[in-house]
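Each of the next two complexes has chain A plus one other chain: chain B in the first, chain C in the second.
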Partner chain A sequence: MKMKIATLAVGAVMAAAPAMADLVFPSLSYRTGPYAAGGIPFADGYADYFTLLNERDGGIGGVPTRLVECETGYNTEKGVECYEATKGEGSLVYQPLSTGITYQLIPKTAADGIPLHTMGYGRTSAANGKVFGNVFNYPANYWDGASIAVNHLLDLNGGDIGGKKISLVYHNSAYGKEPIRTLEELSKKHGFDFKAIPVDHPGQEQKSQWLQIRRERPDYVLMWGWGVMNQVAIQEAANIRFPMENFIGIWWSGSENDVLPAGDGANGYKSLALHGTGSNYPIYTDIQKFVVDAGKAAGAGDQIGTVLYSRGMYAAMLAAEAVKKAQAIHGTGDITPAQMRDGMEALEISAETLEANGMPGFGPEFSVSCENHGGPGLGMVQQWDASAQSWSLITDFIGSDKDVIGPLIAEDSAAFAAENNISERCN
Partner chain B sequence: MFYREAGDFKTSYADDNQTFPIRFDRVRYYVVLAVAFGIIPFIINDYWANAVFVPFLIYAIAAIGLNILTGYCGQVSLGTGGFMAVGAYACYKLMTGFPEISIVLHILGAGFVTAGVGVLFGLPSLRIKGFYLAVATLAAQFFLVWLFNKVPWFYNNSASGQISAPERTVFGVPVTGANTDAWAKYLICLVFVVVLAWLARNLTRGTLGRSWMAIRDMDIAAEIIGVNPLRAKLTAFAISSFFVGIAGALFFSVYLGAVEVGEVFGINKSFLVLFMIILGGLGSIFGSFAGAAFLVLLPVLLKNILVGQLGWATDLAAHIELIIVGGLIMVFLIIEPHGLAQLWRIAKEKLRLWPFPH
Partner chain C sequence: MPEQLLFAVEVTLNGLMAGVMYALVALGFVLIFKASGIFNYAQGVMALFAALTLVGLQNGQIPFAHLINAIFGTKLHHFGWHMPAVLAILLAAGVMVILAILVERYLLKHLVNQEPIILFMATIGLAYFMEGIGDLMWGSDIKKMDVGLPQGGSFWIEENTQWLGFGNENFYGFFLDQLDIVATVIAAILVAGLVIFSQYTKQGRAMRAVADDHQAALSVGISLRFIWVLVWSIAGFVALVAGIMWGAKSGVQFSLSLIALKALPVLMLGGFTSIPGAIVGGLIIGVGEKLFEFSIGPLVGGATENWFAYVLALIFLVFRPQGLFGEKIIERV
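And then the complex of A and B:
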């Protein structure tokens, strides 16, 4: 009972402090473990954006936000514990930043009526809003990512990659396996040779995989890596002198942490990007003024402006926009998770929205609908410059091949619907 | 004063041989059961079920299973995670292959499948011992995890390689899937724990248990007095794996609902269960419960105190938690190398003499 009393007491203290309604955003973060290098900047960005809203605007629509952080260590059991511990506080939306935990939460959040937003990760077929009522993965998903990478290669090769050899180095988990189906379909369509090479958790040891790559000499290597696996792969690629400009990572394999350890060897490495990069956006002035200078930055405060920090901030911005939408729809400031879901489903991100939030051109313009929870599926390609130590965007937003992905999503979500006796919505 | 044999007369061999010869122990046992079945299901909520009771009960089954093999029969195993994975995947295949059959039978079936796999990997134990056997079971751990990742048949060719438990009911009440109530989750695990613990306790008191212990204490001597080592070791592997398989099946279907083999049933799980029995007490059913409780509840308790009550940063708390749990394990093992069960035994000895110690 001690714990119960403890949690109640804390809840009481926290509830008593603002003494009014607040918007609760749980942050299932991981600042420890082998994936902490990715978890820390994301969690900091997510937290800082809500702090900024509280400090600058007094919350969203006049209602202050409250962030409840819970450490998962990228571990599903702790993820479950965190979910159960935070769901009772009126949590509006879960963003676990882990595909494994996402799979746990998809049925649980559906039963509890809390929306789940997996931005650029999670279960790809959740893009089908007809089946997955409360799961959202806008603005892009893994299958979009795979297709965007292939489209980029098509651009580079004048539209023909027939006979080219493309290998995928992937994290041997649900996350890494996601793009394989799409890449297999694409290889049939475009006639390239596809080969998947798994790397086991956590990915510190990849000598044999890269030996295989060195022997088979693929023209291009794609990577679905996370955490320490990214740095090791880039280092190994540099060691076998694999041409870095032919090495493309997913957006989770493209942060500063991943390329810095390899030094000059990482020069020219490419990765996909969900959103803009660098700290040349007006919002950073506000973050500096209201968050950092006020001493309220999350964590150590040393991640500001990094790729994954921007991603956390972007995720928070999309959540905040959905709250505004929900407040407008339901005419109340203090919204419930169900109303939040409506807001997410009606979300529209236009150039003006981005501009108003101090992030002009940061992400794609898109709108979510009842059928489409996956957004437009757009991504850019960024390239690492080791001497300047910065990422630069080398393409505009590239679209994905919906002719290939659409049927795959329909097939996978239909299987899920059949397994769980879900009837289609939006009719 | 209350805790003693004096005045508790036994008039039959059955009475004399009962599990709890002291009246106080017997009463306590029934009180625990009454509370577990009669009170907790009515007051349990989602947090207590999913964060505390269900993992504790499931780990207790796994710990009893490993304790049969390691604690009673003396065969060190590092393959627990792999065997739990066998239970989980067997349960998944049975659940999706025969949806009309009761989930309880599927879980038992998963136990039998795991028992078969356990016997297979137990065969080398007839030739290799001690650390070498530990290495052989370690190979089982890695092989099984690799297998479940590699062969798509095991996860029904799903795109992500994840297995997820569909909704299944017992007497019309859902026990797996997202719509399960906390009490249903808790009760199904509790029923399995009580039945299996009762079975384990009685097995270890009988012929089979005595032959295991003979092999553990000195296998050559045991062989000379007529214990068949093949039979003893393979039954230990089979029964131990049966328990571990059921734990794995419950872990997947009731507790987590969706599982990714490398992350959930990795080598860490093997070590965790091994630590539970070492810390709780080798060769003791109570020790399995104590060890499971210690390693499941302590991190949750520490997290709630450090983050919830003291308001520390989550990462700092997570690191401190590791230090405290690790430190406590060392302290316990230095003070009492035979585990929490031995502390309990000593406490009982003292209680018998109280209030007149000599």
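And then the complex of A and C:
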């Protein structure tokens, strides 16, 4: 009986004591299902970076981080369930790695006052901070990606792609359709012939599309794919002996997963890159020392250094930098989601920031503002070397055509504002 | 020959080849449905599981390595061998036989005389279970299928059909993927083998007897349990062949299980109980969807293949509910 009373007393004291502060980062991951091969490395990179901060620095600003992982299976309904299940944990920012989930979370996060960061995916016009106060998609979005690809082709052709034939092979979904409008506008501006070729989900059978490409012989093929669509497209391109150096994927069509199944046939394939590639950055030494060697690596610990692992790590670094900014603005370590939003809106990533994080030159330098939640819209181009089984960056950061993209963003965000009765901020 | 006609012929040939690939998946469904009346929802996952097992064995991957490492803190990954493809295929087929025995013993045996819908739901559970076990055993990463199958368009066919264009520079000869040609040959051998097995062997005849009438077969001493194991083993082998062919196209990954979606219209069209029906259904769907995409697709924005296959199957259903080769259902009042 005495024992029971003592136990109850300890329990009561523990319940009454204030919870230890921590910075909560939900991870809406997908480690199972058809898209797991892309979801796992991103989730591992995201988790390992926060583990590194805890192990090496004791958290951010002295406050430990806590990752709350929830499996979505890349399913929009499950993603929303995960959001509802984790938002009460004090979640600071959501990064769902799914355009479908993003569209569902935009109104929910706005109502709950939790920021949403969709790095290189999601709703492109969310770059307009005057309308989308809670959503951020820096450092680049899909429309930037389309423009960066075209600018790369302009560079390759001495600034003139008039009369060239450019086809877009795209996932027949909201995600895949994103670049079409931009490419149509760019085709008018630069005089190239543009053709969009859809591939239905999941994209396992693409014979018709690639026979069409073989018949029409475009000069360049761009791809907006995800999951199995990428691997099949690259294999089919190799099958019809399409010149791989003229085949360029968006950054979601440029991981090791996409090219390895095609073997030597994928040699020379290009994709856009949001960030650096390979593991020749000082941060990887720290990850090895403080995370892997300590037995704290996420998942199986076998994804370190891959493209999508690096992307998860980069996304986590940007979130951590926003936390530091928020802590500085509000003078507190244990920030709220609203304060996190302020930190994201005042985020500045300089060369020194990247250097200090062990990622020199890994991403672009940029700053976020109330008006611009989309960042600078920069990206690089990487190329696959099948014999070395590695990606190499073949360009520096390339900018997007803001003259074309700016009005499109303004138009789309204005329509969203009108539909949802939102009045513009930042005045 | 006019350019568009040549292209239409090329599309038709490729449609036939694609149809064979669909038929390979549909065959597994037909075998199990014919022998036991079960619509096996897990057939697509069986193809995935078989392909995962094949590649895992070939690469010397230690099954459940991630789980073992997480529990015991070890760093096991590979046995350190690279197994010849033929041996790996035989072993993977052996694993599918073991799976068939387990399915019969722990699932079907307990559901004898249940309604078809109960059995169907049990296969849904089986699909989820196998997907999870496959993930635990071999991991979720995409694996290259390398069993020596040729890939890419055939140069020989391309060069030797170029003359059909009579100098038309827009026609480069017919494109036929070597993998599709191999798949067609393998499918033909598989169907011939299945027909010979079911017509001329004791077990094959027993299988047909069970398919015709369970109770009559039981009354003459045929073991229902043995036949179920046999049928699921053959369906497992067919799944392995389908997994190899589709895995060679896209790499072995979890979306491989979605190839079942391609088999459904084939089954609706060809009939759930006919092996030739699966082949003919596959060819009709393959050619139909490719020609529709070629001729009408550009007018409606493309991506017509997925829905067109189902529409075509539904049209057939209106006029022939049992499918082209399915058994006519006669209900006596």
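Following the convention adopted for this analysis, the second predicted complex is superposed on the first by the 408 of 427 C-alpha atoms of A that agree within 3 Å, B and C clash if a C-alpha of one lies under 4 Å from a C-alpha of the other, contacts with A are read in each partner's own complex, and residues count from 1 in each chain.
The rule we apply is simple: a contact is a pair of C-beta atoms (placed from the backbone, for glycine too) under 8 Å apart; a residue touches a chain by one contact, two chains touch by 3 or more.
This structure is a prediction, so every number in the text was calculated from the model and none was measured.
The superposed arrangement places chain B and chain C in clashing positions on chain A. Residue contacts after overlaying the shared chain place A:Gly295 against chain C, while chain B stays out of touching range. Of the two partners chain B and chain C, more chain A residues are in touch with B.
In the overlay built on the shared chain, the residue A:Arg31 is in contact with chain B and with chain C.
In the superposition on chain A, A:Glu184 makes contact with neither chain B nor chain C.
By the document's definition of touching, of the two partners only chain B reaches A:Glu77; chain C does not.
In the superposition on chain A, contact of A:Asp200 is made with both chain B and chain C. Contact with chain C, but none with chain B, is seen for A:Pro261 once the two complexes are overlaid on the shared chain.
When the shared chain is aligned, chain B and chain C each come close enough to touch A:Asn172.
Using the contact criterion defined above for the overlaid structures, shared-chain residue A:Gly88 touches chain B, although it does not reach chain C. Applying the stated contact rule after C-alpha superposition, one finds that A:Asp334 touches neither chain B nor chain C. The clashing stretch of chain B relative to chain C, chosen from 81-89, 135-143, 189-197 or 207-215, is 135-143 in the chain A superposition. In the superposition on chain A, chain A positions 31-32, 36, 40, 172, 198, 200-201 are in contact with chain B in one complex as well as with chain C in the other.
Touching chain A in their complex are the following residues of chain C: 7, 10-11, 14, 17-18, 21, 66, 69, 73, 77, 131-132, 135, 139-146, 151-153, 170, 172, 175, 177, 246, 249-251, 253-259, 262, 289-290, 293-294, 297, 301-303, 305-306. Taken in their complex, chain B has these residues touching chain A: 46-48, 50-52, 55, 149, 158-162, 164, 166-167, 177-179, 255-260, 262-264, 266, 300-301, 303-305, 307-309, 311, 313-315, 317-319.
Of all the residues in chain A, the ones that touch chain C in their complex are 31-37, 40, 172, 196-202, 204-205, 207-209, 211-212, 214-215, 227-228, 231-232, 235, 238-241, 257, 260-261, 263, 265, 295, 300, 302.
Residues of chain A touching chain B in their complex: 2-4, 6-7, 9-10, 29, 31-32, 36, 40, 69-71, 73, 75-77, 80-81, 84-85, 87-88, 99-100, 103-104, 106-108, 110-111, 123-125, 172-175, 177-178, 180-181, 198, 200-201, 299, 408, 412, 415, 419-420.
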